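One structure, pasted below without further comment.
By letter and in written order, the chains are A, B, C and D; residue numbering begins at 1 in each of them.
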């Protein structure tokens, strides 16, 4: 197939194209099967080519930050589950991390390990589901998505045994985790983690060499290294553009310095690279999980957290490498049990800023898959 | 030749007609009804069954059981859907072109049903036994492009319009490789009559003669698909047929994930059902002509006739469902490029290959022709395919990607 | 309110008395109709928020909504029967939801899935969250949970099927609009300033008088319903 | 690399494998036939809170003391409690009204964590779809109260732990009480206990009853 030329953004004034024909304006969303929720793209189309794009969001603005400024610190924890509703565990962790910075709490060893285990399991859930959605956007009739859902159910069963709920786990607490894994949980976890590479192999056989996916996804939605840094992208999107930046390696928060894992880096920064980087990241997650399950020590699961969480006036920013990128919570305390300011730095919102740049000059169908490859969750974008 | 079933059916028809022997006008009417009504009903039944098959098949591909609560194995599911659709409210958008909005489903249904009429379903089971059946078929089946565009344009919905435009571009482009791959068959059969095309694939001459082997394998190996040009032609035909029938991976006119439901977006209730049925029946028609041209029509060992045709038709449909369950969709420009830059030259080359084979067969016999055809002819086709795809792809896509793992 | 003119449909006697006269044939027709539409509920492919992921999970192989014949998630409202409101409806989103509901053909059903769709749920204190989609469109089945499990969604689907099968009368009532009432089209609310206008649709929702359990009256801000 | 090539055929192979294996391998057809088969919940699942009571009578055996800790800790504020009063208008340590609006509840389990009397627990029932929002989903005290046996049935492990903890607490309270009585007997002569102290023993009754069972 011929290469897609990235067209320089031309000024399509007064809604006419070169031939004097009308520009078609399409409002894609908020009800559209592949906008991943209630997101709208106002597209201007010349034929099928996107000449302008305006993302419109706010359809899921649930006042997360405002509500959090009305309630006490621990009460915000269940709300963070609903930010990025695919990865409750990592959201919990990011919030707990920033709260633990605000008030010095030592997290016990065992709790740190459990946190790593659940966070990496969350990464598996998110990435395999995202790839399913991405291929769905490409037009496959749900088969990869359903395979991903099949595997996700197994991991969600683990979460349910651990925390009681499938998605909205509310599991991590300031200074530790809520409860110890029950008997047999670790064994089951080990079994699922051991079986996961077989699923990944099957998934890769189904997808990575598929010529249609290659033709559709390669050279589409390119973000170069410099652009990625300028857009302040994070997570797999940044790494697909060739920047080696993983907060697990940079910050070494928690106990990530104890694990031996590598960071996959893409070279082209197109949709295919973003898809492949996620695929490879899952293999690294499995590697981390195996080490963490092997090394899990015995001991306490909760540190010495105060009964009433009342930090001294001050501020803290805690960030982790969530599956989608850098997830940070910025808290300002004024000495009361209620935060003065509660700010979320959502990775998908920041990554979404590159959307217009990536879509210009491509076809409508490409706009859909580019959006899919960014990996947005509207709960996090709109908050 | 054990086509007992077909002969009985033809006899049944004659027997019914015989009642009206004294009333020529009535006899004609009855004759027409006997030609069309069973065909229409059976293909509608086949449509219902296919929707069930598709839902069950896709479900199994996706590791789930599929519909199983309505009737045995969920077999009554299509009936429930049908009754519901029939009684569902029919919405005509206020600003749509109401006439064309109304006509589009009918316009899609008519050519599909006529196309089905050209199919030789069995020995003597042929609703429209024209001498130029195949050319007529292609002429009629390309009419549904117009219907799809009518549906897309008249709805006055932007997604519908995009879907309609896509349909026109796609169907017109793929008509060419479709016909060109059929040309090879017509050339070799020497006739445009569908029954004669089937007859030309009855017995393979090189299996031997007069023995049980020939009776059994000869009836399979005679199919065009087992000849080098026929095999290549069948692949081109099948790809083009997928595009003609709007089946995945070429279902761009109703691409769910991009343009909602394309030209179907504004249709509800029974009009939607009819559009849906029309698409399926035109897919049946195209698959049926594929069976006729390449898979030996109603030929086959043991029980030749209608059962073999039905079996082949549903197998072809099963492959379509399988593809639908696996592959993502092409982009619109890639789709056009694929038709013009890849399928079109290869289909032309295939005609030359067929001529080459024919020449060899005349000169040195079938065995040599087969050998040479598979080795050289097919090899040439392969090389051409590889060269074309290399030519058409950009260097970055061609090169294999390596991903670094850094600390 | 642009409800369609029904004067031309008055010719057919679809009142309960009329159907009683018609007898067995009509009632078995009703049975067939109810059977078919309860077994072929096609949901709208539309996810709002968190619950949408569980909705997709319901289509997955563990739970498989297809067993009930409801896996045909149609992306276009014109071809779908059921709107699963799967997540928080914000004030910015509410007009579109009503519009999509208006676009769906009769008979149409609504499942309010999850706390947010029923009442605003955990986010009901927010300034931008609609406190229940039933203020604007009639909801057939309420499914509590945050988010409900996929089995719970299947249970709500079965509840809806039972509800459909119960509809015996051919009378022209709002509870049974599938017969002759015409498509229910409700006014689309408008986002004026920071609130929706009108605040609710009086045709489908009236503010509850008072919590019967609470005699002392609600403390302000504690019990918003 | 042509467009129809190895990758597509490989993918088709994977789907074909899944298709055929779904007929004979359990892991390729993990479907739970929900209404017939039991749902996939386990003993750790949680959905909505309920109130526990000991003994036979729901109201007498109610563990809840209307301390409103859960009401204050509930993030979406879906719990509503009004304390009971006796004839004289004096507050009794039990709720007259205890409502949970399950249409608001976010199943976060914070109410369970803050409850000092082990009175509120998470139910795992999920078949709650209802056609009426206010009558069906607004649960009052009577609907919320469930016996300890039910708790043992749905969360055996957790219930056993809870019972152990409560027994230990009761034993400690008993020991303290005995010590105090002993001290009282030793120190002073007047026996009648003050009227105000009458309430704590009634509150601690449930665990004692639990022990006797």
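Criterion: a residue touches a chain if its C-beta (ideal position, glycine included) is under 8 Å from a C-beta of that chain, and two chains touch if they have at least 3 such contacts.
Bear in mind that the values here come from a model prediction, so they are computed numbers and not experimental data.
By the document's definition of touch, common neighbours of chain A and chain D comprise B, C. Comparing the centres of all chains, each the average of its CA atoms, the largest separation from chain D belongs to B. Across the two candidate interfaces, B-D and A-C, the one carrying more C-beta contacts is A-C.
Averaged C-alpha coordinates put the centre of chain B at 60 Å from the centre of chain D. In terms of their C-alpha centroids, the spacing between chain C and chain D amounts to 31 Å.
Each chain gets one centre point, the mean of its Cα atoms, and the points for chain B and chain C are 41 Å apart.
Multi-chain contact residues, meaning those touching two or more other chains, occur in chain D at positions 1-4, 8, 11, 14-15, 18, 29-31, 33, 40-41, 75, 106-107.
The set of chain A residues that touch two or more partner chains comprises 1, 32-33, 78-79, 142-143, 146-147, 150, 153, 168, 206, 210, 212-215.
Within chain C, the positions touching two or more other chains are listed as 45, 60-62, 64, 67, 75, 122-123, 125, 146, 149. Contact topology of the protein chains: fully connected, every pair of chains touching. Residues 55, 59, 62-70, 74, 76-77, 79-84, 87-91, 256, 260-261, 264-269, 272 of chain B touch chain C in their complex.
Of all residues in chain A, those touching chain C in their complex are 30-33, 37-38, 58-64, 66-67, 70, 78-79, 82, 85-86, 142, 145-146, 149-150, 152-153, 166-168, 378-379. Looking at the complex, you find that chain C touches chain B at residues 32-33, 35-37, 39-40, 45, 60-61, 64, 66-69, 71, 74-76, 78-79, 81, 103, 105-107, 178, 183. Listed in rising order, the residues of chain A touching chain D in the complex are 1, 71, 74-79, 143, 147, 150, 153, 157, 160-165, 168, 170, 178, 182, 202, 205-215. The part of chain D that touches chain A in the complex is made up of residues 1-8, 10-11, 13-15, 18, 30, 40-42, 44-46, 73, 75, 106-110, 113, 122, 157.
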